[in-house]
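Heads up, the thing below is written out as structure tokens.
Going in written order, the chains are labelled A, B, C, D and E, and every chain counts its residues from 1.
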Amino acid sequence: MAEFPSVPLTIEGFFVLHQVFAFDWRAWRSTPLAERTRILSEAIPLLEEIENDGSNPAAIRSAVYSVLGHKGDLMMIHFRDSVQSLNEIELKLAQTEFYDFLQAKFSYLSVVELGLYESSIKSYTALAEQGLEQHTPAWNEAIGQVLKRQREAMSQRLYPSVPPAKYLCFYPMDRKREEKANWYVLPMAERQRLMHDHGMIGRRYGDRVRQVISGSIGLDDWEWGVDLFADDPLVFKQLIYEMRFDEVSALYASFGSFYVGVRQPVEALETWLDGNLTEMSTA
Amino acid sequence: MAEFPSVPLTIEGFFVLHQVFAFDWRAWRSTPLAERTRILSEAIPLLEEIENDGSNPAAIRSAVYSVLGHKGDLMMIHFRDSVQSLNEIELKLAQTEFYDFLQAKFSYLSVVELGLYESSIKSYTALAEQGLEQHTPAWNEAIGQVLKRQREAMSQRLYPSVPPAKYLCFYPMDRKREEKANWYVLPMAERQRLMHDHGMIGRRYGDRVRQVISGSIGLDDWEWGVDLFADDPLVFKQLIYEMRFDEVSALYASFGSFYVGVRQPVEALETWLDGNLTEMSTA
Amino acid sequence: MAEFPSVPLTIEGFFVLHQVFAFDWRAWRSTPLAERTRILSEAIPLLEEIENDGSNPAAIRSAVYSVLGHKGDLMMIHFRDSVQSLNEIELKLAQTEFYDFLQAKFSYLSVVELGLYESSIKSYTALAEQGLEQHTPAWNEAIGQVLKRQREAMSQRLYPSVPPAKYLCFYPMDRKREEKANWYVLPMAERQRLMHDHGMIGRRYGDRVRQVISGSIGLDDWEWGVDLFADDPLVFKQLIYEMRFDEVSALYASFGSFYVGVRQPVEALETWLDGNLTEMSTA
Amino acid sequence: MAEFPSVPLTIEGFFVLHQVFAFDWRAWRSTPLAERTRILSEAIPLLEEIENDGSNPAAIRSAVYSVLGHKGDLMMIHFRDSVQSLNEIELKLAQTEFYDFLQAKFSYLSVVELGLYESSIKSYTALAEQGLEQHTPAWNEAIGQVLKRQREAMSQRLYPSVPPAKYLCFYPMDRKREEKANWYVLPMAERQRLMHDHGMIGRRYGDRVRQVISGSIGLDDWEWGVDLFADDPLVFKQLIYEMRFDEVSALYASFGSFYVGVRQPVEALETWLDGNLTEMSTA
Amino acid sequence: MAEFPSVPLTIEGFFVLHQVFAFDWRAWRSTPLAERTRILSEAIPLLEEIENDGSNPAAIRSAVYSVLGHKGDLMMIHFRDSVQSLNEIELKLAQTEFYDFLQAKFSYLSVVELGLYESSIKSYTALAEQGLEQHTPAWNEAIGQVLKRQREAMSQRLYPSVPPAKYLCFYPMDRKREEKANWYVLPMAERQRLMHDHGMIGRRYGDRVRQVISGSIGLDDWEWGVDLFADDPLVFKQLIYEMRFDEVSALYASFGSFYVGVRQPVEALETWLDGNLTEMSTA
């Protein structure tokens, strides 16, 4: 057995649900104005209600985006403390008449995740030096302490508000398990080095883009989901293009579909339905 | 010819059918209340009836889950003693008016399976040492005895009740047959070692997750189905993430779609239809 | 040029069409009873008529299966002496009102085929020893004689009735043409050996499963179709699982979707529509 | 730079459009007879009109096939001298009421093509020996002359009529660009040899099958389309099976879906709609 | 760390949206003439309005094509200075009654891009020789100057009008990241050489085809989109066929679907709806 586990220490925060819907413009247009008003008077308060999960009045936990292209018209992102809460949001939305105009095209279930490669190597090494065998009660206790400290220190990143940026880019991804390029057989030190270099690129873009990584192994069809929030969508291309030459992406990444949307205030849903985008104040 | 068979001794129990349905919320909402009541007064007794297959009054053989995301709204799992019984459940459900609101999105047919790698090596070796040639009547008789004993010993696992856990994660999977990573050409001793190590990880999670493996070669499009039952869905991610670094998964596993659901009591179907999740007592 | 052809001698019999349909339960349920009766009084005689193709009153040439899962509700298999006859069956079914309730989900066109690997080697070798160059009139004449004799000897297998077994498993498959595992560049003697070993496994299951292989290169999207007929569907899994470890499958097979159905007598179609399976006498 | 181009000299003739439609039998059956008659009295003359493109009264430029299986019900093939003309046929068909019953399932855009591997080697070599550098005006002029001569000599094959055969088999295909098997990096002499051997097989089937190759790089999703016309559909299987062992197919071919149809005279469309196939005289 | 970045200097211009729609001919034909006239009197002015984005009265920023085959009936291409503007076009179109007849089948979001391989090598080398470390303020400043100069010099290509050519061919593509053929691990000098040779082929076709490359990493599912505009669609095939033998395509390119359309003037939309193509003057 290896000296210490292959799996990195990982801490998790909010569960995340992305929902992508096509909007039935034809049915909407053929709905009498009075009925539309009634429908919105039910839908908008619900959307306003779910914007915040009650845990922190200033925090935005759900947001709406106007999606580019045929993949959908509206995308919602929800951060919640349980899978059950995310399912309840789905069920509440499905109760509204507004939902009659939405067709689910895509969704993604994941959980905000921070992979602690540096902590892992440090902790696993220290415990090995102390002669603790992995998965023994003492080892578990020590690792539990590390995770607890990290969860507290990283709390802001584990339990995020939706950043106020104008644009969102979401995509799911895997690490490859091919015959030569197999992420899951690399030594941890090698993975740590690759993730470190990868992070360095992200850091240079830190003032222009906010990134939220969520894990979805066992929850959805890819291993991770990536949300990028930025005021200039060109940054999505520049960052990901630069990263694609980075060793970890060049060799080990495989990508799903990309969804790009323009953030819309839920209270301006009627404006959007009339064909106009609303500029959010990002103060 | 090899000294003994490549195929491990395998014992089977219940046949299993997973059904995933989208629910037509729009049609339901536009159905008059009296009609809905009538529809449910037909559907719920049927669901209650199929919860139990008559073989054991305490056993739950069918259960319902509220599904996360666009892959579906309701998932059912059925354990039965024959494929015919599973098909009869499908046909009975299809007779109800409630079925008008369901659209079949996915299903999976399999049979609860235990692969007996350790028994296989022991038995095949013993019989070879006794000079019995494989597939001769004496060899078949001896193997038949082993299988019979194992089936009796493992009866609880072969003929399970639906565990009372709050969450279900289902996914199908294959063992790879690639040019270098080909599970089906590995010597049995190597496969036994890999499965043993794999099982060790599962064992550490044994108190937090209940696993049911079912085989589907010749029954459906992947080779196995995996059901994980847990009260905390984070465990799905942690267990499968850790396993992904394990040699057998890292090199030989290939995965289908993941379905995650929240268990709902069938008698509370109306509550679910009203947009609320019911907490099941898991006493 | 190789001493003799790479393509094995192959004899063909009936053309085969598989049709898989979803059934529109909602529309059926909302059809008045009198109308349903009228619809069935048209459909059942047609199905009874096509059960037999007139060539042999005792032979069943078309049969109906109740399909497991979301892939479909009804599967039909038709054996006919020409592609035109199969297309005529499709057109006749499409004329009935019953066809309004069927949605075509899948189909497969193929022709019953026996690959004569042992005959090929024997004949090609003999003709080469006689100094006959391949594809010359004399060589063609000699090969033609071999094929004619084989077609007569194998007539029962080339022109089958639908076996009376309770369950059917159908799947299409390819032989791989990958960089290392390429069936089509193997020497014929190697392919003959692999097919021989493969056949040995099948032979052990001969009393529990009846197999019909049909070729579909140039007719449909995979190279072969496989029909397995058995009274116990567990045998499908056991046979194919065991075969998967066999060299020819482990290295060279690639599989499509698996369809499993329960045979239903066409005259009991109404029973099936009422949600009940009929047990066929398999006398 | 290579001594001469890698791309073979290629001459093109008619543009080709394949259209595959599902037919809405239910809607047709529920259309009153008088209306059906009116609809056909518009559709059949249009189909008769487009059978011939005016360039040669004896030539059939468009034809209709009754398709096997769920991939469609009707397939049309159109040979025309421009992409615009093909689009105009689509638009004219779409104007008819008959088009209400057709659902487009597949199509393929290509151009009849002859790859002149032997000419290429001969011409490129000769011009290199004359010291002409490729793509210079003199070289271009000389190559232009070769192409012109070939186009005239091959005019019958570049601008075909639809052969009168009873059955059509259509499929698209690619040449592989894999790591080891990469058609596009082979030396031209090697490709010439492979194509020559391939052609030898086709030649042996020349009296039983008529083949039209069309190129579709830059026009549709595969690189080539293949149409085989034969009176016996078994020949499709035998020819393509034999070719699959041929080096160029075994190593370098990758195939799309196969569409098989039975030729129907457009004036007998009503007969087909009544569920009957018409035997065309192939005089 | 490498002496200089792996990512080439890249300049971007207009964002681009391709939209492909199926047209509901049946619904259109069943719409009374007066209503159709009204619908077009709303749609055509909108299409005329979006043809030009206001920045330059002579420039065509959006155009309409009649699409070949089942992939769609109408394709639109839009060049705009922001993703928001592209989304606004989508929303404006969705407001029209004409949109009731359109079904979104495909779309593509990208940004006009020029990869400056030669500039990159020159600049990165010069700055390294000056001893400037990459990503320092001085290095960033110097690179910023290079990009600014190139953007000004290339302004015509970055902010194009829709070329007046009769035909459009659009397809998305990737550079491969396979085990041996991995574009993203090639040294920049090698990539520069490959792109240079590739460009040489394009140059020979420069008088017959106009090419617009747009980048879509982080914006859509492939890495680049390619638009070819030509008066003769045979040129699409000839150019791409010749390029496929070029090293960079033969080894590193992977392609999506190809969309071919015939340019139609938006003011002649009614003509198209009546089944006729309009020849645009390409003066």
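Worth a mention:
The criterion applied here is as follows: contacts are C-beta pairs under 8 Å (C-beta built on N, C-alpha and C of every residue); 3 or more make two chains touch, one makes a residue touch a chain.
Computed from a predicted structure; not experimentally measured.
Chain A and chain E have centres, each the mean of its CA atoms, that are 29 Å apart. Mean C-alpha positions place chain B and chain D at a centre distance of 47 Å. Shown for chain B are the residues in touch with two or more other chains, namely 179. Chain contact topology: the protein chains form a single closed ring, every chain touching exactly two others. Moving round the ring of chains, first from chain A across to chain B, one meets them in the order A, B, C, D, E.
For chain D in complex with chain C, the touching residues are 22-23, 25-26, 29, 66, 68-71, 73, 166-167, 169, 171, 178-181, 204, 228, 233-234, 236-242, 244-247, 249-251, 253, 257-258, 260, 262, 272, 274-277. Within the complex formed with chain E, the residues of chain D that make contact are 5-7, 10, 12, 15, 17, 19-20, 83-84, 86-88, 90-92, 94-95, 97, 99-100, 104-109, 111, 135, 177, 179, 182, 184-185, 215-221, 223.
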